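The following blocks contain the structures, represented as structure tokens.
Each of the next two complexes has subunit A plus one more chain, namely subunit B in the first and subunit C in the second.
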Partner chain A sequence: MKHFLIRFATPIVLIALWQLFADAFGSPRIPRPSAVLASAMKLIGSGDLVTALVTSLGRVFSGFMLACAIAIPLGILMGSVRTVERNLDPLVESFRPVAAIAILPLVILWLGTGSMAAIVIVAYAAFFPILINTIAGVKRIDNNLMRAAYTMGVPPATRMWVVLLPAALPAILVGMRIGLGMAWTAIIAAELAVGAKAGGEGGIGQMMFIFYAYSVELNGIVVCMIAVGIVALVLDRILRAALHAAVPWSRL
Partner chain B sequence: MVQRIAGMMASFSGVLMGNSTAPRHWPAWTIYLRTMGLFCLLWYAMSWLTPNKILLPSPLDVASALRDRIDDGELVANATVSLTRLLVSVSIASLIAIPLGLAMGTSRLLEDLLEWPVELLRPIAGIAWIPLALFMFGIGNGLPIFIMIYTAFFPLLLGTAAGVRNVDRRLISAARTMGIPKGTLMRHVIFPAALPSIMTSARLAVAASWTAVVAAELVGAPSGLGYAIEYYRSMLDTPSVMAFIIVIGTLGFLCDAALRSLSAALMPWANAEEKR
Partner chain C sequence: MTQQPAPKITLAHVRKEFGGTPAAVVAVDSLSLDIQPGEFLAIVGPSGCGKTTVLNMLAGLEPVTSGTMTMDGKAISGPGAERGVMFQDYALFPWKTVVGNIGFGLDHGPAGHGLSRAEREARVTRAIDLVGLKGSETKYPHQLSGGMRQRVALARLVANEPKILLMDEPLAALDAQTRIILQDELLRIWGQDKPTSERRTVVYITHSIDEAIFLADRVVVLSSHPGRLKRIVDVDLARPRNDETRKSRSFAELSQTIWELIREEAYRATMR
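Let's look at the complex of A and B:
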């Protein structure tokens, strides 16, 4: 009980201190909890915040699905066939250190500043964590499982669905969880960087940029930041729940 | 000629498929060269087919742009700026996060105090701080360094705290039984035992802040590799953009390799865990 009280109290104390200091010393421009709350009410009421979040989330999901659709089969192939892994590994290791944000200028050049570019950035950001965890998961499968299935004459396709995939699933889901987190970060960076150039269809990142560059609304920026954090938390919790539901035997 | 090219293509596709014409065990670097060579060939062919060279310059153009940028000193200057920012901000982040993490791992009170603020702030990506940080610091060194410290802070703090919490209790009890004072216990028992976890989180922190520096410089710094990419994009100098992307990737890889060998040197006993 005592622990819970301390945990619960610290954020409240910190927020109260923030409000006090901003009232006492800050200029009226400085964001403060009360103004942030008012701004949040306004943004939620007008539906702007929800629209922006839905736009961003839609891009994240499309890009994330694209990444999964390529990375998971490729990862299974690379994890199970040694030659494929050896030959593709240099490519993977060469591109992995290149952050998604670094290729943003190229993607803008190729695809413009619309949703397509954002989806590609997201897919690139999510691709490598999913791929690498899938490879690791497939390689870590107990060989005896595969041999037993082989001995019992299970056909290859069935072996894949019934033995390989369930055994590698925990690792794949971990990769998806990391990948989704990176995808969400990447979309914000992409929308922020594109912000000034894109039209009106930007998501939460562009909304922040507009608050920064045009209307100089610091409270609005803080509202967006909090929204970004909440979405990140919710996405992470959803995938963690999926992990527990799919593989109740592995507590990761 | 056509036949020769067809033959070459066939043998290359054979190489790609890992045909048995190749010796069974090639050394790793030859495989690396083979794959990357094939990739460059494919890239060359695609750029040859692309009418607009601004969209997809050939690898040779990129190589010469890389040489030009080295010759005019821009590459070294911008890379130095970005690497210095990385070094400064990761050092500052570790100076705060590691002691705090050690304290958080050993003191229940501190953990209670910090847990919620950390859990509430952590999901807000460093990149989402950029607009607010632009107000706080303006365009310049402050913004990227702030974003990078923030990005590096959480992995380091949580990794250190988790490392301390996972230290074998028997080690601590044994040290206590032998009457070792608290400071010595921390320095000679808890810290070394938590070091593998700290180094792993340091690698995560460096990778994350290297990503963040590119984003921060892209939006709000008049120097650095991220700025250079954006500058050459606006000049439509795609070969230079690609050259800088290659440099960013290479430096990111080298930083990680340096940290890996540092952790191997610092704690040879943990090597077994590092190897997958």
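Let's look at the complex of A and C:
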């Protein structure tokens, strides 16, 4: 009970301050906790919020898988072959600071609006942390492990599967964890590319955009923000647990 | 050593440089040496004498710059399963259990070719018994003490059944008591109770003079910068060797002899 109180003291105090602040100003532009709660109940009750989150999670996972499928093999190649890294590193480093939202116009022009565009934007956001961590993981491998396998006569292709990959796996998984976080963060931007849809069909990002651009519902926007935050937290916790289970030898 | 059989390994005028000309650093120079089959050969010398470089060249991890290095008359051009290497930091695979580590070479390398699964498992079990790791089969390296990890590395080496064991300061990271215990076990595994024909050939790098004398038939003393052969000291202590050997006068005398050979350079190395 005591731990419970300590853990939740900060958010409770913040919400109380928020309510006091909103009451003191009384402006309609300031969303109030009580109104946000009511809005949340309505969105949950209608099923719209759940539909939106499920739709968005589907896109995030698709984009995330796409990013993994490209970034992990590429990272292993860049981490193990010097010349490949030298050639591609400037390209990677110059694209890395370009935010996911900045590629939105191009993606819409190429792919049109729809799920595919959103998935590509999400994949772009998840790509870099996975790539960078995979490269670092491969480069940091204890050279003696490779040499040990080499002296035991293990052929090069086998060495890659039985030494390089497992040795780099903890770093790759860390990259995946960060990448999934980035993918989820990018979903709001990504779903600007799916076009307006009623209810939750457009995903959480589109829902938020509709609250902003069409119905002007401040409380709904805040509900979406909180939902995004909570899902992010849950995703991270699940991934962290999965990570520990996947690499019990590595104390991450 | 009156009637010598053909040497197992021959080094002739071996030279090793690192880095390109003209800034090349000479690590080993004009090293010539015969290693007999079944011999336990230790290499000692001050830091910078190229001991590890010699071992890496024997392992086939580093090419010689000039000179020749042959095994059974054939030039050593790369690693081979008949030469097993034990690294100073053990190089255990952290994601493998004790069993997985010991069986690694059998599962993925030529040492296991032609062996059935049961035969491979039997070899791993034998290696585990040999080094006294029973009960730790399913543990991961990070769950083991330094001495236990060393045993795993030794068992992995033995399980592959190489003809030649190349060991790079395998006991250096251990505390003094553990080291003494493992020195005794090492001699047992090498086969000091058996006739020479049944012993493996060992090349053992160490910075400990006493360890070299206790273990080896001959101690190769190298000088540093570049690594050159200073002298080969025959260790004519009776086998099997034990705690009595360590206390004997001839042991102390040999230790003194070798220390005098490298003292000056060892001092200089500490000032560098």
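Keep in mind that, in the parts below, the second predicted complex is superposed on the first by the 219 of 252 C-alpha atoms of A that agree within 3 Å, B and C clash if a C-alpha of one lies under 4 Å from a C-alpha of the other, contacts with A are read in each partner's own complex, and residues count from 1 in each chain.
What we mean here is this: a contact is a pair of C-beta atoms (placed from the backbone, for glycine too) under 8 Å apart; a residue touches a chain by one contact, two chains touch by 3 or more.
The model shown is predicted, which means the values in this text are computed figures rather than measured ones.
Q: After aligning the two structures on subunit A, examine subunit B and subunit C and state clash or fit.
A: They fit side by side.
Q: Now for A:97: first (subunit B), second (subunit C), both, or neither, which partner does it touch?
A: It touches subunit B, and subunit C stays clear.
Q: Determine, under the contact definition given at the top, whether A:8 touches first (subunit B), second (subunit C), both, or neither.
A: In the superposition, A:8 touches subunit B alone.
Q: State whether A:163 touches subunit B only (first), subunit C only (second), both chains, or neither.
A: second
Q: In the overlaid three-chain picture, which partner chain does A:149 touch, first (subunit B) or second (subunit C), both, or neither?
A: second
Q: Between subunit B and subunit C, which makes contact with more of the residues in subunit A?
A: After superposing on chain A, more of subunit A is contacted by B.
Q: Looking at A:215, would you say it contacts subunit B, subunit C, both, or neither? Reply first, second, both or neither.
A: It touches nothing on subunit B or subunit C.
Q: Does the superposition put A:247 against subunit B (first), subunit C (second), both, or neither?
A: second
Q: Figure out whether A:233 sits in contact with subunit B (first) or subunit C (second), or with both, or with neither.
A: In the superposition, A:233 touches subunit B alone.
Q: After the superposition, pull out the minimum Cα separation from subunit B to subunit C in whole angstrom, please.
A: Shortest inter-chain C-alpha distance (subunit B to subunit C): 13 Å.
Q: Following superposition on chain A, which residues of subunit A contact subunit B and also contact subunit C?
A: Common interface on subunit A, subunit B vs subunit C: nothing in common.
Q: Which stretch or stretches of subunit A touch subunit C in the complex?
A: Residue list for subunit A touching subunit C: 142, 144-145, 147-154, 158, 162-163, 166-167, 169, 247-251.
Q: In their shared complex, at which residues does subunit C touch subunit A?
A: Subunit C reaches subunit A through residues 59-61, 79-81, 83-85, 87, 89, 91, 93-95, 104-105, 108-111, 140-142, 160.
Q: What part of subunit A is in contact with subunit B in the complex they form?
A: Within the complex, subunit A touches subunit B at residues 3, 6-8, 10-11, 14, 31, 83-84, 86-91, 93-95, 97-106, 108-110, 136, 184-185, 188-189, 192-193, 208-209, 211-212, 218, 221-222, 224-226, 228-230, 232-233, 236.
Q: Help me check something: in the complex, which residues belonging to subunit B touch subunit A?
A: My answer: residues 16, 18, 31-32, 34-36, 39, 54-55, 108-109, 112-117, 120-121, 123-125, 127-132, 134-135, 207, 210-211, 214-215, 218-219, 226, 229-230, 232-233, 236, 238, 241-242, 244-246, 248-250, 252-253, 256, 276.
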